[in-house]
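Labels run A, B, C and D following the written order; every chain starts at residue 1.
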Amino acid sequence: MTRLTEWFSAGRSSGKHTLPFVVILLTMTLLASAANLFLPADSALYVSTYTITLLGKYLCYAMLALAVDIIWGYCGILSLGHGAFFALGGYAMGMYLMRQIGDRGVYGNPLLPDFMVFLDWKELPWFWLGMDHFWFAMLMAVVVPGILAFVFGWLAFRSRVTGVYLSIMTQALTYALLLAFFRNEMGFGGNNGLTDFKEILGFDLQADSTRVSLFMITALLLAVLFVVSQRILSSRFGKVVLAIRDAESRSRFIGYRTDRYKVWLFVYSAVIAGIAGALYVPQVGIINPGEFSPINSIEMVIWVAVGGRGTLIGAIIGAILVNYAKTRFTAIMPDAWLFALGAMFVLVTLYLPKGLMGLYAQMMAKRRPAKTQESEA
Amino acid sequence: MRHLIALCCCLFGLLSFSVYAAESSPQDSLLTELVGAKLKNMTPILEKLANTQGEAILPLFRILLGGDLYYIKADKSLVGQFDEQGNTVYKDVFSQVVVPNLSKKDVKKIRVNNTLRGYLRNAIAQIQLTAKSPELRQSAVRELLSKLDKDTINLIEALYPNEANKKVKEAMGLALSMYAATSIDLVPSNRLVAIERLSTSLEGDVRNTLTKLMKDENPAIVKAASEALENIAQRANRFAFIDQLFFGLSLGSVLLLASIGLAITFGVMGVINMAHGEMIMLGAYTTYVVQLIMPNYIDYSIWVAIPAAFLVSGLMGVLIERLVIRHLHGRPLETLLATFGISLILQQLVRTIFSPLNRQVSTPSWMSGSWEINPVLSLTLNRLYILAFALLVFIALVIILKKTSLGLNVRAVSQNRSMAKAMGVKTNWVDAMTFGLGSGIAGIAGVALSQLTNVGPNLGQAYIIDSFMVVVFGGVGNLLGTLVAAFSLGIATKFLEPTTGAVLAAIIVLVFIILFIQKRPKGLFPQKGRAAE
Amino acid sequence: MSANENTVESFRETFRRDQVWPFLTPAQTKVNVDNQMILYVEDLNLSFDGFKALNNLNLYVNDGELRCLIGANGAGKTTLMDVITGKTQCDSGTVFFGQTHNLLNKDEAAIAQLGIGRKFQKPTVFEEQSVFDNLELSLKTDKGVLPTLFSRLTPTQIDRIDEVLKIVGLAKHRFMLAGALSHGQKQWLEIGMLLAADPRLLLIDEPVAGMTPQETEKTAELLTSLAGERTVIVVEHDMEFVRSIARTVTVLHQGSVLAEGTMDQIQSNRDVIEVYLGESEIAEGEEV
Amino acid sequence: MKIKMLTSAILLSGATLMTLPSWAADTIKVGVLHSLSGTMAISETTLKDTVLMMVEEQNKKGGLLGKQLEAIVVDPASNWPLFAEKGRELLTQEKVDVIFGSWTSVSRKSVLPVLEELNGLMFYPVQYEGEESSKNVFYTGAAPNQQAIPAVDYLMNDLDVERFVLAGTDYVYPRTTNKILEAYLKAKGVAAKDIMINYTPFGHSDWQSIVSDIKKFGGEGKKTAVVSTINGDANIPFYKELGNQGISSEDIPVVAFSVGEEELSGLDTKPLVGHLAAWNYFQSVESDANDEFIAKWKAFTKDSNRVTNDPMEATYIGFKMWANAVTDAGTTDVDAVEQAMIGQETPNLTGGIAVMNKNHHLSKPVLIGEIQDDGQFEVVWETDGVVAGDAWSDFLPGSKDLISDWTAPIKCGNYNTKTKTCSGQVY
């Protein structure tokens, strides 16, 4: 047990919260799932499937925030295009789910998805091949964002595009992809994207049990990725990454090829975003080019900023809080939401540069000296 | 034949008509018929009117063509609606005398549709063949080119020898040649001469005539026609190239306007202003408000809107700088996020104040239409003006930065802040002014863009990514780079578009820039030296 | 038949079990100093927008030497260091480290891994990390991505860090965030980071700027003790300091070497007096 | 540590609380699923108000089945996945009896699986590309054969148009409509070289090259028309460019399927005058029902300049029919109402009778109007009677053999008349 705690909390100061956080996250997940599956619908503690799906969506966003934080909070690379990796992962999953429909589409065509029949396509484009195998689609969900991140990162980091330039380039990247996926000729369903999914691995997507399972898998994967990321970032690799963030040229002068570190971290982050996207799609039931829109990518950054960048827990909490607020706000005052979101951007950057976690750390720091004084007295 | 009669009337009875029209009794019955008629039955009535009235009916036709013909409900008499200094007035169609005390409720519109408009234009053209102004005569001949019948040709033939104006005569000659070339009963040699003459014209109707001749039975005619077509196509292609170049320059000027303010705030100050697009939007809305305040002087509104937009956006810029950006100095990524928040707030603000609907910004009359150089090449005036305007703004900005003390201070601060501060430059003041200047110029860009696109809350969003691309591509901190980048991207897009389509062209240009920046991270014209690090 | 054999042969050659592929062999890090010379800088030229920062510069440094570089602002001292460490590309010329390593075709990381350490004018340490972590990162280890990911501190490495901590006098502050150190302590930490990397050649840019006289003295002591085993090149404006440590001094002027020799020789050199020592206010200004 | 636990706990319990079902069961709940923010808010807010007006009016008449109606409005914020989420919220949390909602095809496609899973009922009031018929959706807007095909007929027969430019925004509605039109035109003997197809992205504003191409295409001697499925924002720059390049509505008329009174209101209509639009309703149509509707609308919005448009009429018809069907069925139960809906007849606003067919589509008249300078339309042509909406186009190879019939014994949205099978939906 001590070894376990040790493993979780290796090294860094934020590490000591890892185990409790994971325990809370998984417990909550289990409780919510059980409340949905085993309690009667009229029980006061019943958690509706709607809520489960909503929570599942939040957790996907949390995973995405984790990805953004790894690259921004720890390495100082502000990516305004993480939505692209998320969406690509989502499309891979969407393509698999689309193939699962088989001949149950409206045209009953066993070979082609509906939108292709609709646009009079004769055969499946090459990039759809293999997508009817779950393992292959999932491989693509991580490989495609990974490769894109690798190529982009390799080009950008090697030629030392940094700071705001890089941010703008990532934004251009996701914008270019947005335009591309809008095109119907691309073979991804154009503006409508992919939808009307029926089942995943043979399980009915509309069944409560499937939804709960997806939710639980999301929570579990989030926990795993969280712990693994925490480990990676507290290894010497993580120290190098921090060193790059704070003084990149210094790191180079002591012999680290910083571009390689950045590329691999970028790829890792993109892969996490891809996984988040792949989990997102079966839960919300649609993937379309809107996910590539630059605004979405910027919104992700604000989740991390609100929660506190440079702390993985902060990113997760930020994503969940902001999205919960969004759900509530847009229901009560749809017009006020954009004001609130805008103000959040300004206020957090001005007054809370370290986010809620920074605030929490400050509060703890204040309380501690007070305590020690008390004990001395 | 009836047209001929009508025109003979015009020719020989010009003087008598004014008297005749003033008396205005015989056509009254026809005019009353017009009031009650259904759209389908109106053409014959108009034909009768044209035949009996000749040129005297022109005012009525013109008003009807413009959709401004009304009748007074009480007595069914016809009036035209005119706009005099913002007031709607109704005048008698023929005498141009204002009919007093009429309001919108007392009159009802006489509707027209496309069929009628087509007829009217043709009829007006026929009548106008004898108009006093040579321009009118020329446009009348050109209008008639597409519908040459025996009557028209006879008329033109009759007018041709006495025509004094060279251009009109040329156009008439063209009409006659077109007719000659297609007349099968003519001797082939005459037809060949006619075709020869046609080959020098770029008129679309000429091309269509020649294309029809390709099916002629006489092989010599077919050969001549195909040669003429070839000739025309070659010349037309040259002009098409110029046309495309102009499209590119025009797009480039829009990009230049949108990005030039950013070139200052981003390039000189190093501030990433994601709310830049909203500064453009504010400028566009200022134009809207200015037009709202002075609805009767739309033609002059632009001149008021330009300084107003500069002030509004500039002040907003100063405000943003003082309240937010100042506190984030040296933290470009944070500035990016904060200004993005500001852009959301500004968008929503505009949505709350002006509604999410697009607003109407009218185009001043001097900016509408196009400058027709020849039948295949015409440059639209609004884009021409905007191109000139963009260059003007650019030059003004260069002068401000190079020649004024503000410019000197700005350059000093951008090169070495602490040194400038030590030298007594009020860096705070310079920052605010620079940001205000950049924002103000974005506001001016908004005035220009309001003439081209929708004025709505999302206006700025549409340009922000493009403007960043232009500035980064041109090289940050280099105004000339921005100019070159804007025009080269504009032209590249427009030359790609015909083969790839608009979307793919945009994607190709974006990907090109992304790759280019990897190769040359500092853009086309990088700043060199240690200061740039 | 013979073609086949050839193929098989070349296949065997490619997959010989007693050798690894060339690209897998560790980079040649041995520095050939048979001629007693560790750094050869020849005919170096570099201009920024027409300004000649380096102008046919030639410089040779012996192995184990302690060399001081002096010169007015814009003389090219820092630029020279930038070229040697790979930060700046030069227009023409050659820079060799030992007899075999051409530094001009290597990037900063490769040059650092060869054993060239650099300290900047402005102390740059990893402010958000502890003093100990700063030194750990600088250790002479395999700095590839994967080895770093799975690396663990060995007892020898910890000992080495402790040793360096003692040398630079930061043993008490080992778990303090580097950002919380004083200016002088940061200078020391940076020197410590150089030591931890165990380099052959140290390039040190203005090590005593902002230090108290005692600290300056201590630094002088350290630098002289380092020479011999390692080669040290120091850029400094503080003439007293230079005098206290230097054996050989090179004077740069307008991007090329103006004079070279002992401090006394330099001080009596007429050219130098004319362009440098004559202008007394020069030493005051700090390069930007 | 404690604080964090607390926040997490609050968070999750908060999430649980917000979904507490509402108890009040003595009203009939009408869900409104239209975007109130984001890009589609411009169009959709009007429809939300229309539903609210209808609900208010119905309540004044005493409600339905002795109960009052209660409108539940949510905002899917022009975000397509949110349509599914909010749809689920309406059906499971609010337990609404019917939903009026969606504008874009993608939003309908997004919410559709939720409707089918939870057996909800939705009325979709916008013209669309067809190729769909769900048991849970009633389509009160026009199918392609109720808008596009009559418009092209008009161009060919009345204006003698021989060449066609099919210009559209690149998304599914224009794609499908143009596919159908292309097949239809070819069937009518129009040569492939006389059809030019062009797609542009959403919000396209630089129309120079395309308009110049259209000008060239139209200047080759044959009467040319543009059939525009250009969406929303891109329209004004398009018409402006047409005007500036000297193309008038007599030379090359443009007939649009997405430009209505709402889009024209408050705009400089000068460059648009004379161009055409095809709809099933125009505000300018003179009928008593329409006058009454317009008056009510202006009173409800307290704005005498507010205009009405085709999707509003579709919402109006849909609501009336639903109210009648509920009364006929005596319950709001979805299956009962669905069956009662079929065959419902209700007066439309243009003086005719709208009929709900077996395929969940309406029979409607088709009108073609010319844009006037006051932003209204002058009807220049209309079909003799009503045209029945066709869910599956006869001009697409994939759907030629498909029909939709929700009455026994077929009870299928996509029934293949050749293989006699029902693909896709199985109930």
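Definition applied: a residue touches a chain if its C-beta (ideal position, glycine included) is under 8 Å from a C-beta of that chain, and two chains touch if they have at least 3 such contacts.
By chain, UniProt protein names: A = Urea ABC transporter permease subunit UrtC; B = Urea ABC transporter permease subunit UrtB; C = Urea ABC transporter ATP-binding protein UrtD; D = Urea ABC transporter substrate-binding protein.
Just so we're clear, the structure is a prediction, and the values are computed from it rather than from any experiment.
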Task: Most contacted chain pair (by C-beta pair count) - done: A-D
Open item on the list: Taking the mean of each chain's Cα atoms, which chain ends up nearest the overall Cα mean?
Closed with: A
- [ ] Could you tell me the distance, in whole angstrom, between the mean C-alpha positions of subunit A and subunit D?
- [x] 35
TODO: Can you check how far apart subunit B and subunit C are, centre to centre, with Cα atoms defining each centre and the answer in Å?
DONE: 64
- [ ] Round to the nearest whole Å and give the separation of the Cα centres of subunit C and subunit D.
- [x] 72
- [ ] State, to the nearest whole Å, the distance from the C-alpha centre of subunit B to the C-alpha centre of subunit D.
- [x] 33
Open item on the list: Two or more other chains touching the same residue: where does that happen in subunit D?
Closed with: 170, 199, 201
Task: Where subunit A touches two or more other chains at once, by residue number - done: 179, 182-183, 335, 338
Open item on the list: List the residues on subunit C that touch subunit A in their complex, please.
Closed with: 85, 87, 107-109, 112-113, 117-118, 120, 124-129, 133, 136-138, 143-145, 148-151, 193, 197
Task: Touch list for subunit A against partner subunit D, complex - done: 17, 20-21, 24-25, 28, 32, 35, 45, 47-51, 53-55, 57-58, 103-109, 115, 117-120, 179, 182-184, 190-193, 195-197, 206, 284-286, 288, 290, 313, 317, 320-321, 324, 327-328, 330-331, 334-335, 337-338, 360, 363
Task: Sites on subunit B touched by subunit A in the complex - done: 272, 324, 327-328, 332-338, 340-345, 347-349, 351-352, 465, 468-469, 472, 503-504, 506-507, 510-511, 513-515, 517-519, 521
Task: In the complex with subunit A, residue positions of subunit D that touch it - done: 1, 3-5, 7-9, 11-12, 14-16, 18-19, 21, 36-37, 74-75, 77, 79-81, 84-85, 88-89, 92-93, 104-106, 109-110, 112-114, 117, 131-132, 170-172, 175-176, 179, 199, 201-202, 396-399, 402, 413-414, 416, 421, 423-426
Open item on the list: Using the touch definition from the top, list the residues of subunit D that touch subunit B in their complex.
Closed with: 39, 41-42, 45, 159, 170, 198-201, 203-206, 208-210, 212-213, 219-221, 233, 236-237, 240-241, 243-246, 248-250, 253, 265-268, 273-274, 370, 372-373, 378, 380
